[in-house]
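You will see two complexes here that share chain A, one where it goes with chain B and one where it goes with chain C.
So, the complex of A and B:
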């Protein structure tokens, strides 16, 4: 690395990063603190940062308060994974076509994809409901997977297309001259080179799928056993009281599998996001 | 191995016409170089031969067969790209194996071909490395290896050496010429470097603005350039061009008054010019000698290269003139110099840049 910043600038940069991180991470920290407190503490005034009766009790109690909690966490990961796999199956050939082929309405259709992205799922809930009902998909996993895939394909195409465009065209021409078909070239040349890009896009899709499932779950699904975690968390809201500490514990536990995956993929993510920035 | 002919090829990208009516007949086992300035359409022409680009009109015939509509792999060609186009995630072995794997060739035969290519290109101990671990010259060899294993009828090269440094480029030039001899293949080679063209080619195609200016052996182009463009493109340092006026013509030659005042009778075909026409006289820097009578130039810059001394100067009216003199020539910067020129060594170009054929010129040796 080049030493391009003065000491003072570095201090400034780090200060900015710290402020930003605090802003992002503070809610998680507070979630964690809340999950440790006994319930009575939560409403105590004045606010007490630390007390001796903090414990991990909520982390074991939550499984009893909401017996299906494990199932909900599984559902969340399952739905998000299924959405990711299906989305990628559609996105890879589509993004390749947008990156390399010429066809009518290419730019127009790309713009429409971007336009679709601007609608949140919420605007389309009622039409979607009717579509899913007439297809008989309500109250199944598909009710949460199909709309998820539909809303994530455009983002996926946009992200992956720009990545594929950076792969030198001459590599594909060389393969073509040697007699390789498009599909063979895609499989043996393009996709291996695009692996970091695929991971970046896959991760972005997974996060998107994880975040959007709540809306689809509460509208299109009544089956308790199929609910993902965000919807399942509602069960911590009882008739009498809300077990906030357990809810926070459950929410944090639910994020855990995703966090673990991220830690593993982190080096690809960083490589993927900067790939092509430097001429090699 | 095969002949290659291009018949009336034209190519337009939208409204831009890039190639104009190009017809060439390349012989079996010939090493032909396409040379010309940047943007003249060399790569486009090569890509049309390869089948990567479709000609707007005209046909490509390889080995007597019209392949204009065939995909590259059915044309019996292989191509080496300027950027090498190696697959960075595959080993050298797999890179060379790629075209054979596409063909689903049997393992034993494939291995034999790769080993042979590695032998020819001295890559035996590099087969397990990735392209990223190789030097530029080695990468170039891998790219060539990949094109050899398919036993193509015609090899196509698009500026394969332009990413290499000067010394390596010299070595690779020799290696490529040797390869051509070993493989006994027809090769078409694109470059914008006239030295590569002169040293490697059996015949050179000079392209300019999408047209063939001339197609001939290096010595033909040197001694009998058909146009001013070819004359100034071939030869290093470039040919000097001095504007002049025709004073009179007779069957043996043309009398010309050159800018700067010098007058000469040049033995060239005089049938197409008459007195008063504007012409240009082309004199190669290596065809002048220090003398007592002739062109008066003042030397601005002197480069002593050891074997030769190159002087850059001007003649009377400011036209630039470069001369290549013996290494020990008694010349000084800032001093006037008289150069004698043999009339037989001069070229004359008419107003449109076409040459007036020289009556006597050196025998062309191949």
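So, the complex of A and C:
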């Protein structure tokens, strides 16, 4: 068969995959190894590849060294959840309009949304800082939620639109012909059919929201108790004595929420996110 | 009989109700889009307009004063700024080039019909989905001269005599940041290429295979042309991300040592946020927007050409 490989080719493919994965996973592996070593072992020079004293001690000590760690993780999850809910409220109706309706300035307005993807927050930080200040939102959760929502709306619309376009129109048309109002059709016919897509897009937005918090947090928020995990940990790196093993343990614990969600939904997520790459 | 007429009457009543109740399509559409549009206008468009206005001002914490094109003139005259622009483009082309090459290799490997590929696909994703800042804490550790594995390996192999601090020297800091940026960006490129490759019709490959075409030939003559539109879109998308890449550099080096990793976006942040020179910072931000705009226009034209040539959509 066309897909059959010789033994040698198989070995070559696996070897190349392993090299590729080492590049991708090395930082995680080293973070994990560092989190298992006692601090004295970490600071041994020259570098030792093996340590004789691995333990999970750092995972319990870290809660004392970084007293707000639990709070940081909560903040991260809370901000990401709020961003996701708000983003979806904006995205669902808009995506439906782009997937189904014809209206003036359709392509132009979609281009404006997608154009937002061109800017990262960094370009707009200065006036955004002033906008948030004049609204009295600096140093609140909102300072991190509001810009987060704005920068995820375009991606959300794009992803959900491609999903909605794949749902057959017949049911909607039937409901419409039966006299259901447009809003009723959207709520009672389209949304239930689109539930799997909503979950995928919602998860993608959540992961994006979880990942993008750093910049807005270090710029718009000075309140420690409100910092999300990346910003909270970054503060510690500046200190004189970084307890690296606990730092790594904390960092790995902090990505656990997204990793768990991702592992459960990875099959659908990959398909949803890369939908635009596949020709129909 | 009466039932039937009643039903018929109901029907027409329904249509009448529908007509009065349902909005015209375009009004309904704009009602649906409106909230998102207003939000984006408030949080993105208006600040963008403000950035343009501020770029003509001398704006500090105290207040602002109109200075015309002075901020731009300063940038045109500044050799340091010229270097920053050159560095930014070098950073972008190098990093995007590596992401595309690695993405293509990675996708081809993951597309090979070998046992375990579903698992490999999952293992590729983490750098994409975790917060960049956390990934960079890992890279900080890897690059550490005394305790990091990279310097340790170099010493063990006898390539360097003592510890090597990757982020302490201009050259090595720059390329180290590129590697970290490539690490962050490669998974997305890989998975998009993989999805595109899986969308290529098997018939094409089988026809070529029957005709005796080898793997390499099939890759060059079928895979690459078929996924060309995706390659082009990923190039632009990842060019924009790389151009705007801030967190990676900020966490690894804060733009140092001695400006060696200061790209435009880092320079903008340092000027405006770290030094409170809002006007000068805004002028830099406007230049970024203009450059990205030119870039996107170029890209749209290339995409049109590619689509025409390879006949998709």
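The working rule: the second predicted complex is superposed on the first by the 232 of 280 C-alpha atoms of A that agree within 3 Å, B and C clash if a C-alpha of one lies under 4 Å from a C-alpha of the other, contacts with A are read in each partner's own complex, and residues count from 1 in each chain.
Keep this in mind: a residue touches a chain if its C-beta (ideal position, glycine included) is under 8 Å from a C-beta of that chain, and two chains touch if they have at least 3 such contacts.
Every value quoted in this text rests on a predicted model; they were computed, and no experiment measured them.
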Winner by number of chain A residues touched, once chain B and chain C are compared: C
Which superposed partner A:168 touches (first chain B, second chain C, both, neither): first
Considering only touches as defined above, state whether A:102 meets chain B (first), chain C (second), both or neither. second
By the touch definition at the top of the document, which applies to A:178: first (chain B), second (chain C), both, or neither? both
Could you tell me if A:196 is touching chain B, chain C, both of them or neither one (first, second, both, neither)? neither
Touch check for A:232: first (chain B), second (chain C), both, or neither? neither
Hey, what residues of chain A end up touching chain B and chain C alike? 176, 178-179
Contact footprint of chain A on chain B as seen in their complex: 50-52, 71-73, 77-79, 81-83, 85, 87-89, 98-99, 102-103, 132, 146, 150
List of chain A residues in touch with chain C within their complex: 2-3, 5, 10, 13-14, 16-17, 20-21, 23-28, 30-31, 34, 42-49, 89-91, 93-94, 96-98, 101-104, 106, 109, 112-113, 116-120, 122-131, 146-147, 149-151, 153-154, 157, 176, 178-179, 181-182, 207, 210-215, 219, 229-231, 233-234, 237, 244, 247-248, 251, 254-255, 258-259, 262-263, 266, 270-271, 273-279
Considering only the defined contacts, which chain A positions touch chain B in the complex? 168, 170-171, 173-180, 184, 188-189, 192-193, 280
Of chain C, residues touching chain A in the complex: 14-15, 17-18, 21-23, 25-26, 28-33, 35-37, 39-40, 42-44, 46-48, 50-51, 54, 102, 105-106, 109-110, 112-114, 120-127, 129-135, 137-142, 146-149, 151-153, 155-156, 163, 183, 186-187, 191-196, 198-199, 205-206, 209, 227, 230, 233, 240, 244, 246-247, 251, 265, 268-269, 272-273, 278, 281-282, 285, 288-289, 292-293, 296, 312-313
